[in-house]
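Each of the next two complexes has subunit A plus one more chain, namely subunit B in the first and subunit C in the second.
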Partner chain A sequence: MSKGIPLAEALARYRADAELGQPPVLSDIDALLSAYHPDHMSGSAVKLAVGANAGDSCQRELAELLQAEAFIDEADLAGAPVTDIDVLVIGGGGAGCAAALAAAENGARVLLATKLRLGDSNTVMAEGGIQAAIEPEDSIQRHIQDTLRGGHNIGDPALVSALAGDGPEVLHWLINLGMQLDQTPSGDLHTRRAGGMSTPRLVHCRDYTGLEMMRVLREAVIQHRSIEVWEQSPAVELLSNEVGQKCVGAVLTSLLDGQLRIVRTRSVILATGGLGRLHLNGFPTSNHLGATGDGLVLAYRIGARLCELDSFQYHPTGLLHPSHLAGKLVTEGVRAAGALLVNGLGQRFIDELQPRDVVCAAILRECREGRGVCVDDQRTGVWLDTPRLERAQPGLLEQQFTSLMTRTHVAGIDPRREPLLVHPTLHYQNGGAVIDTNGATTVPGLYAVGEVSGGIHGRNRLMGNALLEIISFGRRAGAAATANRDRGPKKVTLEHVNHLRRALTLAGLPMTQQAPQILPAYAAGGIWNR
Partner chain B sequence: MEPLIAGTPHIGAAQLLLHPDRRVGADLARWRSSGGGAALARAVQDPAAVLAEVRQADLRGLGGSGFPAWRKWEFVAAEAPKPDKYLIVNGNEDEPGTFKDRLLLEETPHQVIEGAVVTALAIGVNRVVFYTNPDLARSLAAMKAAIEQWQASDLLAQASAALGRPMELQLLPGSGHYIGGEETASMEWVEGRFPFPRGKPPFPAQAGVHGCPTLINNVETIANVPHIIAQGAAWFRALGKGQGTGTKLYSLSGDVLHPGVFELPMGTPLRELIFVHGGGLLSGKPLKAVFTGGPSCALLTPVDLDVAMDFDSLRERGANLGTGAMIVISEGTGIVKRVAEYERFFAHSSCGQCNSCKIGTANMSRLLDRIDTGCGTAADLATLKNLCTMLPGSGRCHLINGAVQLLDSAFHHFPDEFKQALR
Partner chain C sequence: MTTNNATANESGQTPDVALTINGLAVNAHPGMSLVEAAWHGGVPQVTSVGCLEGVCGSCRVMLRRGKEVTVGLACQTFVEAGIEVVFLPPASAPRHHYEISDFKDGWDIHARFHKIFPEASRCRHCHGCVKACPKGIAVEDGVAQAVAGRYREAGETFFECVMCELCDAACPELIAPAHVGLFSRRITAHFHLRPPNLIHRLDELRQERAEACRDEDGKK
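Now for the complex of A and B:
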């Protein structure tokens, strides 16, 4: 692999006013993806040996966790305090809050447990916006088609139509909660067109849409009488009935005192988000500290079927330089607003509004073939041509991309005058727990919403569909979870863990590693130490 | 109570009752071609010889009591019909960890029916009731189909002719209550009432269903009868090990690699069941205890690993074979939680007609739940120990005794675990 063009040389060569031609015509998308996308890197995927997805292809780092030993034994639960509640929501991001609110609106007593603090999530990192078919020339049908096409037609049409159909109502609900959204001068909601969309559909609040959404969700949750919030309380295991085939609660621990607590409930809603902090294939990540894939591990162990475990989204434009910001996002909105991608030779190499996986593969191709800009031996990237955008639309960056400007200002970079060095960053887990349109998994009593669920985005998610998904499916699952009005569990056991241990032993797999991970190893010292 | 193992349990080491040749399902022709009907043919020729053969074989009540089945038979045989005599084949099987009768009913219904008809002939019974757990849909369906085949075949006609009056077979789904499996409670249900256990005496052999002499035997006990008659008592006794006779269906569950039903010689050591047939403990953890029963018996601990699992050997150790259920607990599993769960089961299962049982089991369950959830005090533990001395023998049936025996045994073997869980 050639290293590329050194940073100083590339910077000297860069001209914001240089004539740029059209990017080369993309002839074979599949060939580009299979040659350069990290999902297709050799050694990246393995076959699962046990569980509901035995035989399926799965990302190696994830497979190790899915086929790991549990943290706790039944004996550890002796003397653990028990809490009885109608609905337990695990996860304090946007999906968890939406589910908790919907369940509480339907009359349930809700416990929301979150690993860190309420709102410490990837929701707040979503910068670009939320998709909803509200423009006159747009339609639900076009939204469905774009989403399916963007996901390489692997997505479940029933889930996608539920998602797209909820779009306008979701916006209505959020606005009623008090969420601010950017408007046109005449007062309509302002929309943008982003990668993979056939028409402008992205509603946004500057470049901190997710943060604004989380602000109102968090306030609504805290103020709701029927919702109790436990912070710093990660789930270490789900609880099953005595045949290990129905979810009847969870075991939570506390990051503060390490004590185990049993929560018995009729329904558990997993809203635990993704797994960027597993740093698949050694990539940096845009995800928050707690994104360690715990929900997938817990769901798989209790028998839930998962899907697309070998498909992850790498966001094309993560910051590469300076190194302490490595992996942080530059929103796709910048490209949607017209910023171009340029390699170290000063050439465009891809249509910037192609779906994320295609753009990502194209950037990796430039880097691998020596046309990237290299900072040092390890790090190579390409330019995101923000100065050209500033020349074309003066003031736009400052007005609409506040958080980008703030972040780069702190690092001593001015994107209006120098281009940003970007490289793909691990961003999103496309697959997850298989769900129906109510968010119900294949295990009775267990629901999954948000990034931990799968089936909507196929093998590639479009920008703005994640924020829509967490509210749409969060509310669906919250309502469905309260519909279960049986008398609650008679018995809570770890029988499903025994099922897994049997399977692991028979498959000859080691049981040395324990999961879920709770926190990444480099952050765990002193905080989470069992 | 939900079954401990969903679906059809794993079947291992089947020798006699669950031998693949016997598992023909509800297909009478296949049953007859695999040797079925031979016992009935003998019994029709000489009904009186059946009882003698079963006595020789020392057939025990395999539903948990271990009481010699032939002695109950003798009592009923000695009574005159008033005007009928009843046989209840008890398949109510509803306790945690027991899942053997459902297999016999589902996979070998003709074995059970032939056993029942031969038994009925031997002791002069004309009304046979197959009393079955209503939740086990597949067992019920198989029995329904099998009984219809018998009613249409010449076999039942031969039996009726030998008996001198029509023999009636009836399939009766139970109430779904655990207590419905108690023998006098089953008679109440057959009579059409809620299954409250009756006081004894009078014993069922004298005045059972509608005042008629009644024999109640477990499905597994009855299933052995055809083989004893067809192959002889000596052959049957030789199947067992040591003091045991015949085979036993052991329901193995808990922290073992291969849970399931294992048909082994009566008197097989616990060690062989767990480590040879069960594949050893999960994750290679050390053995902590075994709940036998259903869990209404005393605990076994690692020192009991080499005890022969027959009724008499276990009774000598102060334990009980029960239904042959072995719920294995490894070092990673808490005793308090398990005992609390089983006591909750007993509290739910108490029919409530005896105050001591109704209040006693509820109190034991409540106090154990407190201890298990970290809210218990030393006073709670003392109260529990007190209850263990007061309650035994205070009910009409044995439910309260089983509940106490389990707790008492857990206190005896694992006192520290209870103390540790205190606040």
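Now for the complex of A and C:
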């Protein structure tokens, strides 16, 4: 097996005006996935030994964190200042902001605590758009079917129909908050068709959909009279009642002064996002710096059931070059607009609008079988044929993909003239905490929304369903958490941590590693060496 | 980071770039962004880093080259020999308060704008905001458009704004241009975005729900 076509040779062979025809017909999708998708790499998954998912398959690096020691015990809480609040939201991305706004709209006093700055999240980087069935030929039912099929029919139908049914109302709510979306000349919302969609359903704000959404949500949260925001305040542990079976608050620390703070509440909404920064299986990631899977660790330790822990989305088109953007995305919208994927031999090899997992596996196949474009010993990719798109629709890249153009311009690359080198990048956690249609987890008092939750996307998420999910389920959880009007916690304890320690000891597992991780090691240790 | 080792070899042949970050001497490889250089040099307490691709506006830095002082985003700025870099603290709380749900009537929006942002009309064209903007936005023009009531145009001017709020810090009149821009965008959508395809679908769903309710009542 050769390593691939050397860059210079592949460039010489590449022609933006070559007649490419149709890609080869894909006969067996399952065989392609099981041979090439990273989830199926040998050694990628292990069985969990303790907790609500004991016996289930889980990605190896994640399993180490789920079965790790806590940072604190009861003695650490002595003297920590206590704050009482109706609803605590942990996480300051789109899901957290939507949950906080919904809780506040319903009359709750809300505290939103976030690890970094309010708005630092994967939401702000989402370029492609948000799905909602609003076109005349489209329907809620078709949206449900596409989402379930895209997730390989593993998704929870009740959650998916809640998601799809909320689509139009979510857009209404966002527009009322002041979010702009692209329109056709006649004033309709402009829609695109992207991977796994049977009809155009992707609403967008050029390729800055997430940025537009996040800056509006962030401003709305900051300005809201009933929402208090604590930045640089990661959660290190949840709090439970005397028997360790209900969530009654959280322990936050501060990245600035390290001080622990106790928050007592009736409802905690986890909106901590995903875990790309764990670099599963050694992959680069598109995720922001804080995506270290903290919410999964906290939820699992207090007893919440999780799902699909061995299923992650590797986005097909992460940039291979320039290296300071390694792993960062070229939005699927570029393929939706007509850009093709071409291997080092100048051939198409997959229908570009297949679901993401299929396209990703196909790219990895090309690279592994020596048809990739080889930059050096460690980096191989394929072309994303943006010059062809420019030829077919002059000006489109500049008008609709401003973000891509700006980022590549900084690095001295012009996608209108040269194709982009891409390789799959760790993008999204398909599973997460098991929830109902209110976003409630299996632990009373604990809600989970957005990427940290699971069950909607099955084993593969379609583009545009994440931005819909964070608003749809963020609002559902915010409203449900506010409706919880019990008397609030009598006693806050770390009883669930004691349960876990006993289980870890019985299972003979080491207690050397502590979790949640909070920041990647390279962001603090002087070990970054690219 | 195994995935990023590739260029370490390439850069092994070129000499390191010496700079200071938050007062600490750092030797970085050429082509590293300032964020990477801070990680590489083990600079402590760099917690204002987010997306690493220039859209979250968190990694605000002050840059000193000799006597020249500028600002920028650390993930979009590359190492230079001798440059002094200081990661800036987060922006302070906003001084201009409004809730968009309070706006019921579009006709008085201009008066409200000047009440919320009284400083906006006092721009003295010092270009501080324009020079500070890491996205090359014509910030002064955008503020002038908003002051003239041209909110759609103002919002368009601020389209690429990532809310780093460096222009707010640079404004001697405390105008808060980033928030003027976002206000302009928000009220444009709030009052003028009325897409027929969405409205039609919302209406259909409302009728379906009403029918479902009637059927439910009928059964009882």
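Simple rule for what comes next: the second predicted complex is superposed on the first by the 523 of 530 C-alpha atoms of A that agree within 3 Å, B and C clash if a C-alpha of one lies under 4 Å from a C-alpha of the other, contacts with A are read in each partner's own complex, and residues count from 1 in each chain.
Quick note on the criterion: a contact is a pair of C-beta atoms (placed from the backbone, for glycine too) under 8 Å apart; a residue touches a chain by one contact, two chains touch by 3 or more.
Keep in mind that this is a model prediction, so the values were computed, not measured.
Engineer: Once the structures are superposed on A, label A:511 by its partner contacts, choosing first (subunit B), second (subunit C), both or neither.
Structural biologist: Touch partner of A:511: subunit B, not subunit C.
Engineer: Tell me which partner A:188 touches in the superposition: subunit B (first), subunit C (second), both or neither.
Structural biologist: Once the two structures are laid over each other on A, A:188 reaches subunit C alone.
Engineer: Of the partners subunit B and subunit C, which touch A:134 in the superposed model: first, second, both, neither?
Structural biologist: A:134 sits against subunit C, while subunit B stays out of touch.
Engineer: Contact-wise, after the overlay, does A:79 reach subunit B, subunit C, both or neither (first, second, both, neither)?
Structural biologist: So A:79 only meets subunit B here.
Engineer: Can A:223 be said to touch subunit B (first), subunit C (second), both, or neither?
Structural biologist: In the superposition, A:223 contacts subunit C only.
Engineer: Is A:498 contacted by the first partner subunit B, the second partner subunit C, both or neither?
Structural biologist: First partner only.
Engineer: What is the contact status of A:242 with respect to subunit B (first) and subunit C (second): first, second, both, or neither?
Structural biologist: first
Engineer: Which of the two, subunit B or subunit C, is in touch with more residues of subunit A?
Structural biologist: After superposition, C is the partner touching more of subunit A.
Engineer: Help me check something: in the complex, which residues belonging to subunit B touch subunit A?
Structural biologist: On the subunit B side, the touching residues are 2-6, 96, 255, 257-258, 282-283, 331-334, 336-338, 341, 344, 348, 371-375, 417, 420-421.
Engineer: Quick check on the complex: what are the subunit A residues that touch subunit C?
Structural biologist: 116-117, 119-121, 124-125, 132-136, 140, 165, 168-169, 171-172, 175-181, 183, 186-189, 206, 208, 210-212, 215-216, 218-220, 222-225, 231-232, 255-256, 279, 282-284, 288-290, 322-328, 375-379, 402-403, 406-407, 410, 519, 522-530
Engineer: Would you pull the subunit A residues touching subunit B in the complex into a rising list?
Structural biologist: 69, 73-82, 241-243, 245, 262, 490-491, 498, 501-502, 505-506, 511
Engineer: Can you check the complex and tell me which residues of subunit C touch subunit A?
Structural biologist: Those residues of subunit C that touch subunit A are 1-10, 29, 31-33, 36, 39-56, 58, 75-76, 78, 90, 93-94, 97-101, 135, 155, 159-163, 179, 182, 185-190, 193-198, 200-202, 205.
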